[in-house]
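Should a chain be cited, it is by its letter among A, B, C, D and E, assigned in written order, with residues numbered from 1 in that chain.
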Amino acid sequence: MIFTEILDKLKAKHEVLESKEDLGVLNAWVSAKKIKEVIGFLKNDMQFGQLSFVTAVDLMAANNIEMVYRLFSYETKSDVVIKVKLDRAKPEIETITSIFSTADWHERETSEMFGVKFLNHPDPNRLLLPDGIDMPLRKDFKCADMTPLPKV
Amino acid sequence: MELIKELLYNSGKPLGELYTWAHGIWAGWGAPPFLLDLIFQIVIGVAVAAVVVLNALWIIYYDRKLSALMQIRKGPNRVGPLGLLQTIADTVKLMIKEDINPKAVDIFSFWIAPLIIFIPTFAVFLVLPFGKGLIPADLNIGILYVVAITGLTVIGILAAGWGSNNKYSLIGGLRSAAQIVSYEIPMMLVILSIVLMTGSMKMSDIVAAQSHYKWFVIPQIIGFIVFLIVGNAEINRAPFDLPEAESELVAGFNTEYSAMKFAFFYLAEYTNLFLTSAIAATLFLGGWEGPLLPPIVWFFIKTYFVVTILMWIRWTFPRIRVDHLMEFSWKYMLPIALLNLVITAIVIKLV
Amino acid sequence: MTTKAPFELEKLSNDEYILNMGPQHPSTHGVLRIILKLDGEVVKDLYCDVGYIHSSVEKMCENKKYEMIMPYTDRLDYLSAVNYNWGYALAVEKLMGITVPERAEYIRVMLAELNRIMSHLLWYSAYGMDVGALTPIMYAFREREEVIDMIEGMTGGRLTHNAFRFGGFRNDLPKDFMDSLKKFIGHFNDKIDEYEALLINNIILTARTIGVGVLSKETAINYGVTGPSLRGSNCAIDLRKTAPYSIYEKFDFKACVGKNGDTWDRLKVRMDEMRESTKILKQAMEGIPAGDIMAKVPKIIKPAPGEVYTKVESARGEFGVYIVSDGTDKPYRIKFRSPSFSNLSVLKEITIGSKIADVVAIMGSLDLVIPEIDR
Amino acid sequence: MNGVDEELIKKIPGLPIVMTTAEWAINAGRSNSIWTLTFGLRCCAMEMMATGAPKYDWARFGLEVPSASPRRADMMIVAGTVTKKMEPVIIRLYEQMAEPKYVIAMGACAISGGPFIYDSYSVIKGADKIIPVDIYIPGCPPRPEALLDGIIKLQKKIMKQKFRTVKEHK
Amino acid sequence: MIKYIADIIKGIISLMEGLLVTLKHVFRKPITLQYPEQRPDISLRFRGRLAMPIDPATKDNRCTACMICVRACPNHSIECEKIVGEDGKPKPKPASYTYNMGSCIYCNLCVESCPFFAIIMSDEYETGTEDKASLTMDLAAEKYELKGKKAAWWGSKFKTEG
């Protein structure tokens, strides 16, 4: 399935805010409220059976946190990337754990690394970090005992 | 020279002569005879203790070397010639290591457990027929005594598991209790078949019944195999080492033990191994009987043969699971042992 | 956002108790903490606490040049470091549009397959220890040392090879590599038979593993399980076949699958995979062409803005690298999608109801490497 | 044994010789029976396993006795990265070990943080920041021979120690 | 009943197979290397500690203090300072070349980046020590002499290319 085909099918059912092709893969931006439906649609109706990962990118300049959901279809051997822009000050998004169980841990990791709050998450605890370190993957993260690499 | 030969081949006679000779002298001094008996008991006790400890040290070394041989490596070879002093070094280290009593332990059972485990293994040596007449105490219920005394070990393991106040220890202790109790039964049944064949529970009689190379291993081959398996399970050695299953329970019932208290467990484990093998050798392989070499040497050769088999099994197999362990005992070992007993009884009746 | 106790003590019934396994536990392969809710020996519930070796690789990589990240990918999964190198090199090469010369691709395949064998051998020995057999490790390490010597001869490192460069290799294969490879392939299959006789086919182990920890195909895919653990569930998904990268289409091999998805199937798949890897090695050894080993690569690695995701089949499953480039010589964001991360998350699903000993056996069959979970 | 009056010992005839012999015997016992705590953290753990494997075989030095429980371990090999989440666990394990105890910091991570020395928010920069370390073995990871070499160096260190002046790490 | 007996026989056969494997290994030669006495043959490309060998021709190191290796190091294990001449201008020779072996990750990136073949990963690996401070060393002052096959390899490199 090439990306235009996926895009057409996706557009027919759901609102796609923005889309682009990146190295042959469709990147589609959707709104935060719709994420559960879009992912559910992709899984159930378009055979995207595997959620490769969920992560986020801190776009500090645009004051956004961008959620990245990457799906892969074992049947059609194609990828699709769903992205959601969230407000950096108060990032909140619905969990997709009920659709993909693997999202559980990925979301927990994203949550502690970027401070994204996943609504209705079954186990909203920390996964990797000890207490005391918050949102380290944000670009403006500062930590007292973090020695910066000396400039050469 | 003659005396040494006599001592090696027919130890009972010179020892008896020594006993009566000493009593004669003692009576000449006018001292009460029970005191001399006490002295004799102490001397025998110390001798047995020395044998137990040195033998355990040697058997640990043997285990390590044998495992190395099977695992295409060298094993200990740095301390002393061929690494023979390795276990001595371990002992020295364990003796002077800090003895930790964790805060939360039940101090009484924590302390008493290593002793309860060690003493029975020590006591069983009293009825082992090392050679012709060389048997510290030839009880007429010898084999029953062995079974009864080794059964005590489970109390020690339970005490260790309970007293350590550690969940791993507790699980290990309880596993061990279940295991030893359920494996006691097939073991008894196998021993019973032997007793049926000899008509006596006396260790010397059992050996005597196998004289002229009529070893019980031939008619009782199934019994022998069952005894090896069950005996291995009784002493908690791999693949039945569930109470101390390293990958599951860290170190099982002895997780919290350090230094000398642990050394007791360690020595007891290997002494038990020796004991089981020695009993197997006595019951099935004709005890000390053998050509050319002195009886005591034959006894050790046969025992170490069984030890080697048990070690071979240990270094080959993965660990059995706890419910399979029970299943194995009740579904396989018990019926087979029972069948063996019935067949033995019928054959004895018919012949 | 805070750590809380996974099981509340008040809610435990009279028969239940909590057992803590790890972080320092002989069977957790490093530092994984598992909290078990038990009833006797039966596991009622389970909670994985990871992150004990979280070393902030993703954050550090944002401040490193592209070339410098290569050694860090070694240290994510030290057992199949070559595959991890490859995943990362592939990502940057795709971003930069570099085509790797054919000889280099062959060398990559050979190293990767050797590395897979090495990883599976370590898994085999560690699994032996998990189930209480202490000899398999000794035999497996004998062959593993042979493989390590070969890889070391090529790359210079025993575990952390830092083997790949963008566009190919720095050095060609050493002279004696082919000879030792030939020798190794010659006797390795017999050794696998020995391993199977010693551990995998042993009745004690089959009794412990058949029908235990059954992972259905649907659950596996839903949890994102990949690699041999997924293939054990009768699901022929191997990225070398389903989404071929490099020159894997050229080789004749099959994706090994299990039947029922129980623990034993996962073990068997790994044993079979070693045989398949030897097949690939044999073909690669015969087909390797002469030629360049390095493509023309700019001196300074500065990819155009954009993002890329590449995945390779590591010894544990799908390893993916997601790079967001902003046009500088350092990545803006880099995310490693590690297979063990998803593979571990399914543990709870397949363990509940089994025994303590099964937890160890099932966990071992998933072949976890903790640093790649924690990163 | 701390606080033994050296002068007093010298006064009693024969005692110094007895003491040195005892010291030698004890040190020989200690140095030849180093039971290791199986404690792997990262890549170095694999090389630790390789050291136990037949090609290098640390059993030759009497090290192979498995001691999963820290209670009877003599040596802890910190083989890998020490993180903040792991810190209390390592300290606890160290305290659970019985005296005398030794620590080998294996690999760059355990010496100084290694690859994670800069820019890392969750890595402790060296095991010696939290527990006393006896031997440092650089390498990333060190070869098994390097570990054996470190162990031999530790044995030499143990042989040199006087039991009247053994430091108690408290 | 038949299944019961078949199970037992099958089990015994599988156990015997396992026992046979270990038995076979008893008669194989141990592959152990007696380490301190016997040493393995280490491959040419093995990466031991970093060294700045002295060139046998000039009896001096080949470093020009160009700082490329310092920039190539992923975790800043190398620090280098140039000699400052009497005129106040830096000269292409290192005054000090500090190498922190304790943090080095042996990745070879510095060696590969060096255009003058001044540094090399030697085959020295027995670097364990009791003293952490001794892990930080000044390579420029060390006058390291490369030996064995690695020396020949290193020499051939800059003679043909340099």
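Observations
Definition applied: contacts are C-beta pairs under 8 Å (C-beta built on N, C-alpha and C of every residue); 3 or more make two chains touch, one makes a residue touch a chain.
Here the structure is a predicted model, which means the values were calculated and not measured.
With centres defined by CA atoms alone, the chain at the far end from subunit E is B. When the C-beta contacts at C-E and at B-E are tallied, the pair with the greater total is C-E. With centres defined by CA atoms alone, the chain at the far end from subunit C is B.
Central chain assignment: C. Criterion: smallest distance from chain C-alpha mean to the mean of all protein C-alpha atoms. With centres defined as mean CA coordinates, subunit E is found 24 Å away from subunit D. Centroid to centroid, with C-alpha atoms defining each point, subunit B and subunit D lie 35 Å apart. Annotation: 41 Å between the Cα-based centres of subunit A and subunit E.
With centres taken as mean Cα positions, subunit C sits 45 Å from subunit B. Among the residues of subunit E, those touching two or more other chains are numbered 15, 18, 21-22, 25, 30-32, 34, 74-76, 105-107. Residue numbers of subunit B whose C-beta contacts span two or more other chains: 68, 70-74, 246, 250, 315-317. Annotation for subunit C: residues touching 2 or more other chains are 25-26, 51, 54, 56, 59, 63-64, 71-72, 75, 135, 138-139, 142, 160, 198-199, 202, 204. Across the interface of their complex, subunit C is touched by residues 22-23, 25, 27, 49-53, 55, 57-58, 68, 70, 74, 77, 79, 81, 100-102, 104-106, 111-113, 124-131, 134, 136-137, 141, 148-149 of subunit A. Residues 68-74, 312-313, 315-317, 332 of subunit B are the ones touching subunit E in the complex. Interface of subunit D with subunit B (complex): residues 25-26, 28-30, 32-33, 53-54, 57, 59-62, 64-69, 71-72, 74, 96, 98-100. For subunit C in complex with subunit E, the touching residues are 64, 67-72, 75, 135, 139, 142, 149, 152-157, 160, 162, 170-171, 174, 194, 197-199, 201-204, 206. Across the complex, subunit C is touched by residues 67, 70-73, 167-168, 171, 238-239, 241, 245-250, 315-324 of subunit B.
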